[in-house]
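Some notes on the structure that comes next.
Labels run A, B, C and D following the written order; every chain starts at residue 1.
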Amino acid sequence: GGGNGSGTTTAAGVETEFDSFTWALQQLPVSLDLAKDATVNTQQVISLVTEPLERVANDGTFRPALAASVTQPDPTSIVYELAPGAQFSDGTPLTAEDAVWSLQHVTDAKAGAQTAGRVKSIDSITATTPTTVTVKLKFADPTARDNLSVISYVQSKKAAEAAGAALGTPSGLPVGTGPYVFKSSGPDKILLERNAKHAKTQPKAKAVSFVPIKDDNTGQLAMRSNSINGAQVTNVKQIGQWNNISGAQTVQLPANVTSYLTLDTSQPPFDDIHARRAVAHSIDRQGVSRAVYGANGVVLRGLVPQTLLEGVAGSADTAKGFLETLPQYDLDKGKAKSELAQSKTPGGFEVTIPYTTSSPWAEPTILNLQENMKELGVTITPKPESPEVWAKRVFAHDTPGIQSMQLIATIPDPNAVLPRVVGQAGIAAPGLNLANWTTPKIEDDVKALTGSVDREARWAATQSVLKQVSEQLPYIPLYAPNFVVALGKGFTFSEPVTQSDVLDGTWIQRVRATA
Amino acid sequence: MKRLGAPAIVAAVPLAVILVCVVTGDLLAPFPPNAQDLMLSSSGPGAQHWLGTDDLGRDVLSRVISGARVAVVGPLLVALVAVAVGVCLGLAAAYYRGRVDAVISRLVDVMYALPALLVAIVVVGISSGGYAVTVLVLSLLSVPTAIRMIRSAASVQCGLPYVEAAQSLRLPARTVMFRHVLPNIVPTVVATFLLDFVVALIAFSALAFLGIGGQPGSAEWGVMIADGREQILSEPWLSLAPAVLIILTAVCATVLGDSVYDRLTTRREAR
Amino acid sequence: MTRFLARRLAAMVAMLLLVSFLVFSLLALAPGSLLATLMGTAPTTPELIEATTLKYHLDDPFLVQYGRWLADAVRFDLGTSVRSGENVLDALGQALPMSFQLALFALLLVVLVGIPLGTAAGLRRGAAADRVVSTAAAFGMSAPPFAVGLLLVYVFGVLLDWFPVFGSGDGFADGLWHLVLPAVSLAAGLMAIVLRQTRAAMLDVMDQDYITFARARGVAPGRVLVKYALRNAAVPIVTSSGVVLIAALSGAVLVETVFSLPGVGSLLVVSVNTKDIPMVQGIAMVAAAFVILVNLAVDVLTGLLDPRIRARQVAS
Amino acid sequence: MSLLTVDSVDISHRGRRLVRDVGFSVDAGTSVGIVGESGSGKSLTVRSLVGLLPAGVSATGSVTFDGWELLGLPERGLRTVRGGRISLLMQDPFSMLNPVQTVFAHVAEGLAAEIRRNRAKVRAEVHGRLEEVGLDPARVARRYPFQLSGGMRQRVALAAALAGDPDLLIADEPTTALDATTQAQVLAMLDSLRRRRGMALVLVTHDLGVAFSVCDRIMVMYAGSLVEQAPADELRRDPRHPYTAGLLGSHLPVDRRVETMRSIPGRVPPADSVGGQCGFASRCAWAVDACRAERPLLTLTTPGHTTACLRVDEIAPDLLGPAEQEGQDTGDANVAAPGVLLTVRDLRKSYRDLSAAKQRTDAVKGVSFDVGVHESVGLVGESGSGKTTIARTLLGLARPDSGTIGLGGLDLTDYRRLSREQSRGVAHLVQVVFQDPYSSLNPARTIGATLREAITARDRAADHRAETAELLAQVGLTEQHARRRPAQLSGGERQRIAIARAVALRPRLLICDEPVAALDVSVRAEILTLLRELQRRYRMSMLFITHELSVVRQMTDRVLVLYRGEIVEQGRTALVLDNPGHEYTARLVGSVLGLDQEGVTR
């Protein structure tokens, strides 16, 4: 990905306040309670109202937020020391009780928190002093702090308890300490107003609205008519179209996204490596990537993008060098045919492939697969699903033979993906091991990845997992598109923002008017 | 045909062409409709691909030609079922009057008040039904209109003495209905058929547009519009071609139906 | 008349009851278990399964469940959305005004444009104006509303850039301005139906002896047009307007989707796609009530317009 | 100077000449009748006078009214004439009034503008006008047309037509759709109103009796042309045109039974096919080649009497006046053989009201009668008295509420109880000929197919080809007709086919429901003669339904008088008609408009 301001020339921002800024989401959060709707949509909205204890940047560094300091006195404890002076938008002061409640709420697997799967090592969360929160872990978890930081948005316990089951609906809007407060929430718009009680720097926008825009086409129309001022570009091939809008610019951000197909290795026909290879050889990944992303996406060489590996590998070059050693499966009908012939289903099979309509790459990829495998006697039926239905099925661990999958890594570590999608622990709801695939070696690797704090050991485990995945093909890695944001006429960013900035609320502090 | 007038002839030509496409399927298509050429994805209309290609490099012209079958056969089936049921129940209601008529008409009244497309959206959508379910649901929903139109035309006929004369010959009810009354309401039956066809065609495309009932990636016109919608600003030809075809088919069928119906009324006046 | 209304109201309630049963049965239509449907996107932990089972009384027989649901519905409690946990009625309350404005705007267009054009065409049978209007109507009838919408967006929103083509605007005037293209897309097809019906009714009426007799007696042309032609054509026009209003329900779903308007239509599409059954049930009940009300209004209006119908209504 | 002068008016539709060279004049305060059979162009002619021709039909020539040229006048100009100067009353009282407007409004809207400005005046005036046409304003003014009977509607229409106090009233068959008794009342009122107001009247009718009863002068139209015009009395006594003579001759007497009923053979040619010849030549016994070579013009024969016939002088002595038929009374045609074929006892039938679902109309209230073997029984009564209902119950087309029907040993009370075998047998017992020849044949089937179906219904093994030919011959048609469809036949021909179809089953009882009511006078007699013949040949019994006493007189041995669903009188036809016992029968007999009486008889 590039830096700020590709496309048209950018006018410099000025330090004046402006009335409002409207940001488009693919769809509005189903619930404003992260525990009920653990998607990036929700995170983008609530991160302006509630602040996390700390933030983790794209390069893995931590930045303090509500917590003035975070310490790890031993491998199984994390201690957050709250900064003084923070108060909720309703005027009540922030206490450790609120933070404890909030953390417990998002990690409560029994109550069905969708976020609970992110940190499974939690043993207890307690307020050890009125300003100290101590999290005890069951084992040394190298990414517990990272993962907690992404879900640790603190809301007022009092308000949340008053809302009860309605928390997250328009009648139970969370109350936070962030720069904005909820003004209203409807099916077409969520309106935020600046929070006068916010203790730190006030952003320049007096109000922020989120509106739902299903596709890029609608987004472009909306930006033309100034109905929105910013949006994430999902169909990155259309960057040119966005740039054509008068006064608009697109910004390419470094992204940690991976997309792949899952093959259920526990059931025929994909319990057979030859069938899986036949599939892998039947996708024109380069071609589809070009058709879907144009020049703005790459084909993955391994299950995770290089950016996720750079930290644990020690350097970008190491990561790159390793990825180049992995075996690749390019479109090769001859190989596909011979692989299928060796499989237990030499004459072909029938399979339905569900995919979410929110991933622009899914349908073309599946149609490509469908067409290429037709000659082999394989009948493929694509089955579109709304994002909600798709997510529900995925979290319920309802695994059909093949399906589309896309993960946005919220932390820059292989743990954001690998330990979640392989290994025994992921083979049950809400685990994401949708291939139901593991090996003894994998179990060891997962243990090393999640239980060790030694970088070298973790890099070795990472390489091992990626290698096995590429050989055994429980997953077929596909593409990593760039993360692109479009800004409408009259707005710009004062300094570069990254994907994690967009998710954790930092971005709004950098939005500037150009005149 | 000539007696139907110029508009009907003009309307019949495109319909005939489309019907030929329906019958021959892919034969007339210059390319296999699903053949992908990712090197040529999203190219505009040109010498080789007259109507351009879509994102997977499939030839749009071939796809609209081969899609005619799926796009038209469903509505045709719907119209056929509706008219078949409509003829049977409509004739029965008109012929027997009394309680039979009351029961049929009451049912029809209730169903007639339904917003058909809405019901189809809900039922097909909730049940995640495919093409067959869509055909079934739309057929059911088209039946009331068909019964209504045929019943009212048949009622007029059943009140005429020639029907009573046939009854006085003690012919079986079936004979009177199908051999005497039916030939005299053929224009209404044809008009009903075409109207139901148009309504179903639009309903199918609307459902496909909403992502309900259609098979994604298929060349069905409604699905093609829906698929092309996101590119309407950059690649308008993708949705334009199928949209034009749907509208053309529907307009022609409407005009043809009107002509047939007009002929009925003028013939009645002229007696 | 009051007796007629009372009887009609009773029939309405009966209809609503019948519809409510069908609507409740939608639950059974969804693929997968009732439980899975009702749990929506929540993860399937045993605790949640138990809670959901208890909340919806899933262990009871179907009819008992229906009874409970109905009892709640009568108290204006249609449950909460599986998708968002929002109260269904609240969500509907937020979406309804948008749809209502859209429908009203479209209806105005239909009445103010469709009926006069249809009247004009009916009065000049076979003339050039008639042929133009009738052909336009054939196109209007045959063009799917979403196709009209996309076309309008492309031409007036993008190429010409005259109208906003997205969202609902702020404030009344801006809101109205935003609704122009959606309302036109919705109205196009409906206008065609009303126009054709009006034309046919006018043709029919103008052929009647009473028109000739009135003209022969020197009744003023204005009076012949209004009191003879329009008054007699009014019943079929009103009836078709009722049909059109009901058809508008379906059309609105498409148009709201094309223009991304946050109305009941878009809510329905989202709810159907996410199998959010309580929300769909709520919308279906509102739609059913609307349909029944429209039919009642049509009956009352036609009764007021035509003494023969009134006599039948009063007598029966 | 005459009030209205019509000069060489031609009317055409898309180049087809429908009316040719019509000219006449009407003096103020006089009444003129236009008579002629259906399609002769009467309605078009009078509609052209007020500029109300149907769309696509246009007129040329000249129409001057009170010095104004009306033809070609724009709508605006015509409007000043209509209502206040000329008014037009149309035929069908059931469709002439605005269904959604009250009687009051109908009359009020035609009043002069200065009256209309004052509410109280309007009220008084409307009430006065309604009283003038014999209606009770208190009862009628607030009603809607559908709440009135046909006669009342025609009166309302008359009041509305006269509201502007026109100098000329054109009435196009104002009484055709009404009962005999109502017809007489309306005509009498029209006549007295005209006299009182000193208004001119143009009365269009196909019934010479009606014309003679109210008109001073009469014009006869045939195939789009005027063929004769003369003062009423003179025309009756001394018709000069063969067609007029034929018309007069075709009129059936009510006071005696005649052996041969005379008619004009052939059918009316379309107006545009007879441009260069005498339109009547093809049906005229006196026609010579000259008649087919040029179109005869109206020429003055005696003062005030013009005739369009080349041979008017040569043939005058041969033309038959109505007097010729005198002395032909044949009494009863045949005396019924002993034995009863049909027994009807206490038959009742009611219908759900069309306008009010819960009320019921008693169409037939306990009717009992017999029809003997080979007997012809007439069923007379005004419109709505239940005649057709009785016929329909006999045919199994309607189910009686109670009572019994026995026919040839079968109990036909409930057709549903009949076995399949019996049901088929019933077709041989009873058949029917309906009133409307235009709709009693299936328009989609050829005549041959229609007859074949009837023949095979009787006998599956029958040689239908031979029998079809025989049947067609029997009803006076040729084998060629078998290939035609009903649309290609005239009304009279269609009725012959309908009769052939009924006879094909050799029924023992033939029900005729007003078989000649929709036919032109000149072909009526043919059909009646045919029916008489066939009845004799096949020894059928006949139930003959009609509202015309002259037809009953000719066709039946016995008559039943039906009044509001009850039989009020029955007996030998001659006895009942000559000495009506029941007050209603007397009224019926009294309202017959014969050619022999002066004016309206009561």
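In this section, a residue touches a chain if its C-beta (ideal position, glycine included) is under 8 Å from a C-beta of that chain, and two chains touch if they have at least 3 such contacts.
A quick map from chain label to UniProt name: B, C = ABC-type transporter, permease subunit; D = ABC-type transporter, ATPase subunit.
Not measured: the values here are computed from a predicted model.
**Q** Could you work out which chain's C-alpha centre is the most distant one from the centre of chain A?
**A** D
**Q** On a C-alpha centroid basis, what's the spacing between chain B and chain D, in Å?
**A** Taking the average C-alpha coordinate of chain B and of chain D, the gap between them is 47 Å.
**Q** Could you work out how far the Cα centre of chain A sits from that of chain B, in whole Å?
**A** Inter-chain centre distance comes to 46 Å.
**Q** Report the inter-centroid distance (CA atoms only) between chain C and chain D in whole Å.
**A** 51
**Q** Between chain B and chain C, what is the gap in Å from one C-alpha centre to the other?
**A** A distance of 22 Å separates the two centres.
**Q** Could you list the positions in chain A whose residues touch two or more of the other chains?
**A** Answer for chain A, listing residues that touch two or more other chains: 221.
**Q** For chain D, what residues touch not just one other chain but two or more?
**A** There are none in chain D.
**Q** When you check chain B against every other chain, which residues touch at least two of them?
**A** 211, 229, 232-233
**Q** How do the chains pair up in terms of touching? List each pair.
**A** Listed by label, chains in contact pair as A-B, A-C, B-C, B-D, C-D.
**Q** Taking the touch rule as given, give the residues of chain B at its contact with chain D in the complex, in rising order.
**A** Going through chain B, the ones touching chain D are 160-162, 164-171, 180, 183-184, 271.
**Q** Please output the residues of chain D touching chain C within their complex, sorted ascending.
**A** Within the complex, chain D contacts chain C at residues 47, 50, 52, 55, 75, 79-84, 87-92, 95-101, 105, 109-110, 144, 146-147, 157, 160-161, 163-164, 353, 355-359.
**Q** Which residues of chain B touch chain C in the complex?
**A** Its residues touching chain C are 110, 113-118, 121-123, 125-128, 198, 202, 205-206, 209-212, 225, 229, 232-233, 236, 239, 243, 246-247, 250-251, 253-255, 258.
**Q** Within the complex, which stretch of chain A touches chain B?
**A** Those residues of chain A that touch chain B are 215-217, 220-221, 235, 238, 240-241, 284, 286-288, 290-292, 357, 363-364, 366-368, 370-371, 374, 381-384.
**Q** Flag every residue of chain D that touches chain B in the complex, lowest number first.
**A** Contact set of chain D toward chain B: 392, 395-397, 423-424, 426-427, 430-432, 434-436, 438-445, 453-454, 457, 487, 498, 501-502, 505.
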